[in-house]
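Labels run A, B, C and D following the written order; every chain starts at residue 1.
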Amino acid sequence: MALDLNHIRNQFPILSTKVGKYPLVYFDNGATSQKPRVVIDAINRYYEQENANIHRGVHHLSQVSTDNYEKARRTIQEHLNAPHEHEIIFTKGTTDGINLIAESFGKLLTDGDEILITEMEHHSNIVPWQMLVERKGLTLRYIPMTNLGELDFSQLETLINEKTRLIAITHISNALGTINPIEDIIKKGHAVGAKVLIDAAQSLQHMRVDVQQLDCDFLVFSGHKVFGPTGVGILYGKEKLLNEMPPYQGGGDMIKTVSMSGTTYNELPHKFEAGTPNIIGGIGLGVAIEWLSGFNFEDIQQHETDLLEYATDALSKIDGIKIYGEAENKSSVISFLIEGTHPYDIGTLLNQQGIAVRTGHHCTQPIMEFFDIPGTIRASFSFYNTKEEIDQFIKALEKAIQMLR
Amino acid sequence: MMNIAEKEEALIDSFSIYDDWMDKYEYIIELGKDLPLISPDHKKDDNIIKGCQSTVWLHAEMKDGKVSFTADADAIIAKGIIAILIDVLSDEEPDTIVNAKLEFIKEIGLQQHLSPTRSNGLVAMVKQMKRYALALKMTA
Amino acid sequence: MALDLNHIRNQFPILSTKVGKYPLVYFDNGATSQKPRVVIDAINRYYEQENANIHRGVHHLSQVSTDNYEKARRTIQEHLNAPHEHEIIFTKGTTDGINLIAESFGKLLTDGDEILITEMEHHSNIVPWQMLVERKGLTLRYIPMTNLGELDFSQLETLINEKTRLIAITHISNALGTINPIEDIIKKGHAVGAKVLIDAAQSLQHMRVDVQQLDCDFLVFSGHKVFGPTGVGILYGKEKLLNEMPPYQGGGDMIKTVSMSGTTYNELPHKFEAGTPNIIGGIGLGVAIEWLSGFNFEDIQQHETDLLEYATDALSKIDGIKIYGEAENKSSVISFLIEGTHPYDIGTLLNQQGIAVRTGHHCTQPIMEFFDIPGTIRASFSFYNTKEEIDQFIKALEKAIQMLR
Amino acid sequence: MMNIAEKEEALIDSFSIYDDWMDKYEYIIELGKDLPLISPDHKKDDNIIKGCQSTVWLHAEMKDGKVSFTADADAIIAKGIIAILIDVLSDEEPDTIVNAKLEFIKEIGLQQHLSPTRSNGLVAMVKQMKRYALALKMTA
C-alpha cells in the first residue's frame, strides 16, 4: 500500500512554509528531521498543563510527568524490541551515548585491547575512541572502504581478532548512504568475544531495527533525527553489560544513598541518568516513535527507494556530476559534486531557490580524505519528500550550474 | 471466611461510600491506624520493600497451609495501603495469592490517585507479597 | 514598584489549571519552574517554521536556527555579564556542567590536591567530586554546617589551604534556602590560588548574578529552573581556564580536523559542545532569560521576601512544626516537618487539595543526616506565587494534619 | 579616483538594478570571475581567512602610502564578495580602511542573504582587511 503523502505532509507545518518566494524543499533530513504536529502539540501541552520535575515527587503534576516520561521509555523499548525497559537509557543524543560508552565501557578495557571502527564513521563515532585509546594506551583500528563507499572486508580476519573488545560501527553512513551489513559484523565480533555498538543515528528514521534480532550489545540514536525534539537520544545496552559498567556522570537520581564518606549507585536505568533529564525531550521522543511505529515500514522503504532511484537517475544526466557513495545497499542519501563548481556555491544558489541541502564534510572528514575532496553536496530524503520536490531540486540545480559555469 | 473476590467486593463497597478523595484518604488512614502491630523481630532491613519512598516492612509466614502477612510502615497512608492488601491477601493459600488479579485496585482508583512513587510502592508491595507466597510454597 | 502579579500569572498557562477540583498551587519551584507564554510560543514557532540543524549549514533554515542559537548565547552572556560570548557553554543542565568540570578540570589536578565543597551541596555537586577523588587519589573536604543551616566558617582557615585547587559551592541551598556568602569564599579561594565554581541552580531565578563582579571561575545552572526548557543548561567559565582544560566529550562540532591518525580540537565554545546541541533548548533558554531580565530584580526580591516572611509566620503558628534552614540570609524556600506525621503523608494530602510541594531528601542526603531526619516537606516559591496561595496552602496543611493526628 | 563613500554608492547603485536575488548572485559571480589573479606566492596558508567555510586567500601590501589588496577563493561567490570588499577598500590609506563603516553591506543586504557561514566569512573578511591595514600602518 502506498503512503498517503498529502496526509503525511499535512502533519508537518514547516513543509508548507516558503523560503523567499520559493516553497521550501527540505532535503537536509540527514542533519535533522522535521517534526509532525503530534510531537509539537505534545510539547505544547506539556509546558502548558503538565510541566513538573519527575521522580520522587508526590504531587499530581510530578506524577503525570513521571508517568509520561516512563511511558516514553516503554514505547521506545517496544519499538526497538528491547527485552527490558531499564535497558533504555535517555541521553542527550548519539554523541552523548557514544561518549558514555567510551568512558564507562572504556574503564573495563586494559592494555593491549583493541577497538575497531570504520573509515566511514561520523566524527562522533571516531573522536571518543581516539580520546579513549590515547588515555589508556589501547589500539584503534579502522575497517577500510572501497571506491563505491562500501566497507572493504578483505582484511576483516585480522582486523577482528581476539584482542578486539569493541566494534563501533554506523548502521548507515550519513555522508554516503551505505547500509552496512551489521548482522554479519555483530556475529563476527561475538565470535571473538567482542561487543558491538551500532550507531543508528541514520537508520531508525528509515527502517525498523530490532535489537534482539540483531543481537547488538549497544545501540545509540538521536531524537532530533527521528521526528523528535532536540537534546534527547537513546542508548540501548544489554542489561548485563550495563550492570557491569561503572556510572558515567554523577549527580541526582543516579545514586541510592549519598553521604560524606561515600555513595552507593542506583539501579538501571537511573545509574546512567544523572541530574534532571530532558523531560519534555523524552516525552516528545516517545510521541515521535509512537507516531513513526504506526507506519508500515515496507511502505516507507518502498517510497524512499523510489525517491533515491528517481533522484539518482535525474542527477546522472547532469553534465560533470560525480556521485559519492554507490553502495549496492543504500539509503535515501545522495552526495555529489559538480565538476568545475564549488559545493558551497551550489548550496548557496540552491538555497536561493528554496532547496535546503547540506554542503561540506558532513562530520566525516576521513571519507573526504579517502575521495580526496573537501566536501560534497548532500541531498538526504525523508519519507515525507516527493518526486515533485526532486523535480524542483533538479531544475534549481541546473540553473545554479548554468550560473556558475 | 470470605474468599478473595468477596473481600475485594467488600472493599469496593466500603470505598464507594465516599465521593471525595479526601474522605477516601481519611478511610485509608483509618485502616492504617488499625493495622495490627508487626512483631519487632520482623521489622528488620531484610523485610523492607524496595520501591517505596516511605519505609514499609512486610513479613510473611505459613500458618496451616495459608500465608499470614504482617506489616508496618513509617508513613500512615502507606500503612493503610498495605493494610488493604493484607486484608485481601492474608490467610490465603500461596497459589491463590500468586494468581490474584487484584482488579479492585483499579476499581477503587488507588493506582491513579496515589502518586507515582506511592503507586510504585503499591506495585512493589503486591510484587513482594506474591514473591513471599511463592517462596513459602516452595519451601513448604 | 510592586510587581503586577495578575499580569505575570496570566503569562503562565499552567497556573490557571486545576488538580481535581482544586486550583493548582505550585510550590515546587525549587524542583523546576513553570514556563511563560513567550517561551512556549518560541518553541512552537521553532518547530513549526524554523527547525534545522545549526552551524555548517548553507541553507536558510539552518542560518535562522544558527542565528537564533548564537543570539541566545549572547543574551545569556549579557545577563551574566560575562566578558566573552565563547565563555558561555551550552550543557544539558547543572549536573552536566559540574561533571564536565570534574572530568576536564579534574585532568589538570594531581596527587595531594584538595577539592573543597560543603555539607549542604546537592548530590550533583557531591558525587562528581567523590568520583573524581576516588579516580585520582585526591582529597575531598567539606565545609560543615550549623544548626541554623548556615555554613560554619570556624575552621575555614585550615579547610582552604595552599593545597586547595577547587572550591565548588552552591550559591543557594535547594533544601534550606540558605544564601551563601560566595563573594567571601571566592576571595579566600583566590588568595590561595584555588578556583571557585558556583552552583547557581537555585539563584538565577531569584536574583541577578554578575560573574565579573563575583569574579567566580565557573558558574553553572539549569534552564528548566529559570523558566526555560528542560534538557539545557549553562556553564560559564573564564576563557583562560577553559582554554587550558582538555575537551570533555568528543564528536561533531568540537573538532577542527579529524583524520584516522588524529584530531585537532575546535575553539571555544565549540570545544566543549560535541554533537548536535539541544538547539531549541538553547533558543528557549535565551528567550526565558531575555524575558526574565526585563524585570526589576529588586521588585522580585521584595515580593519573594514578603512571601517567605508571610509563609514563615503562618507556619510558625502550627503546632509541632519544625522549620529546617533558618539562615539569616535566606531565599524563598521553606523546609519543615510536622511532629507526629510523615512528610509523604503530608505531601500526599496537600496534593489532594491542589498544593504541589516536594517531600523527601531533595538530593541533599548529607543535610538530612546532619539533622538526623529522613526528609522534609519543602515549599519553594517563585515570584509568580501569591499570599492567597500561601493561605490555601496553610489551610490545606491544617486539614492534612488534622486527618493524620 | 572615487573615495570610499562614492565607491559604496556605486555598488549600491549596481545592485539596485536587480530585483531578484538570483540576479544579484549572478552579478556577484560576475565580479568573482573578474577578480584579478593573486600572485601564487601569496596563496599560502598564512593568508587564509579563518571563519570562511570555503577557502579565501587575502594578501595586502603598501603602495605609495595606500593598502593594496589581492585575493582569491576556491568558491566563486566568496570570491565575488571579497572582490566587492577589495573594490571598496583597496588603494585607501590604512586609517580610512580601519575606520570604514561599510554601511553598504547592510544596504545591499549581503548580510541577510548570505548564509551564516558565509556571513561569518564576510565578517571575517572585513576584520582581516582591517587587521592588515592596521599592521601595515604600524610597520610603515
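In this section, a contact is a pair of C-beta atoms (placed from the backbone, for glycine too) under 8 Å apart; a residue touches a chain by one contact, two chains touch by 3 or more.
All values reported here derive from a predicted model rather than from experimental measurement.
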item: Chain whose Cα centroid lies at the greatest distance from that of chain C; value: D
item: Size of the rotation, in steps of 5 degrees, that lays the CA trace of chain B over chain D; value: 180
item: Averaged-CA centre spacing for the pair chain D and chain B, given as whole angstrom; value: 79
item: Geometric centre distance via CA averages, chain C-chain A, whole Å; value: 31
item: Distance between the centres, which are taken as Cα means, of chain D and chain C, whole angstrom; value: 46
item: Euclidean distance of C-alpha centroids - chain B vs chain C, Å; value: 39
item: Multi-chain contact sites of chain A, meaning residues that touch two or more partners; value: 20, 56-60, 62, 344, 347-348, 351, 360
item: Per-residue overlap in chain B, given as positions that touch at least 2 other chains; value: 53, 115, 117-118
item: Interface residues, chain D side, partner chain A - complex; value: 21-22, 25-26, 29, 53-54, 74-78, 113-115, 117-118
item: Touching residues (chain side chain A, partner chain D) in the complex; value: 20, 341-345, 347-349, 351-353, 360, 374, 399, 403-404
item: Of all residues in chain A, those that touch chain C in their complex; value: 13-14, 17, 19-20, 24, 26, 28, 31-32, 34-35, 39-40, 43-44, 47-53, 56-62, 92-96, 98-99, 102, 119, 122-124, 126-128, 130-131, 142, 222, 224, 229-232, 247, 249-255, 257-260, 262-263, 274-281, 344, 347-348, 350-351, 355-360, 363, 365-366, 369
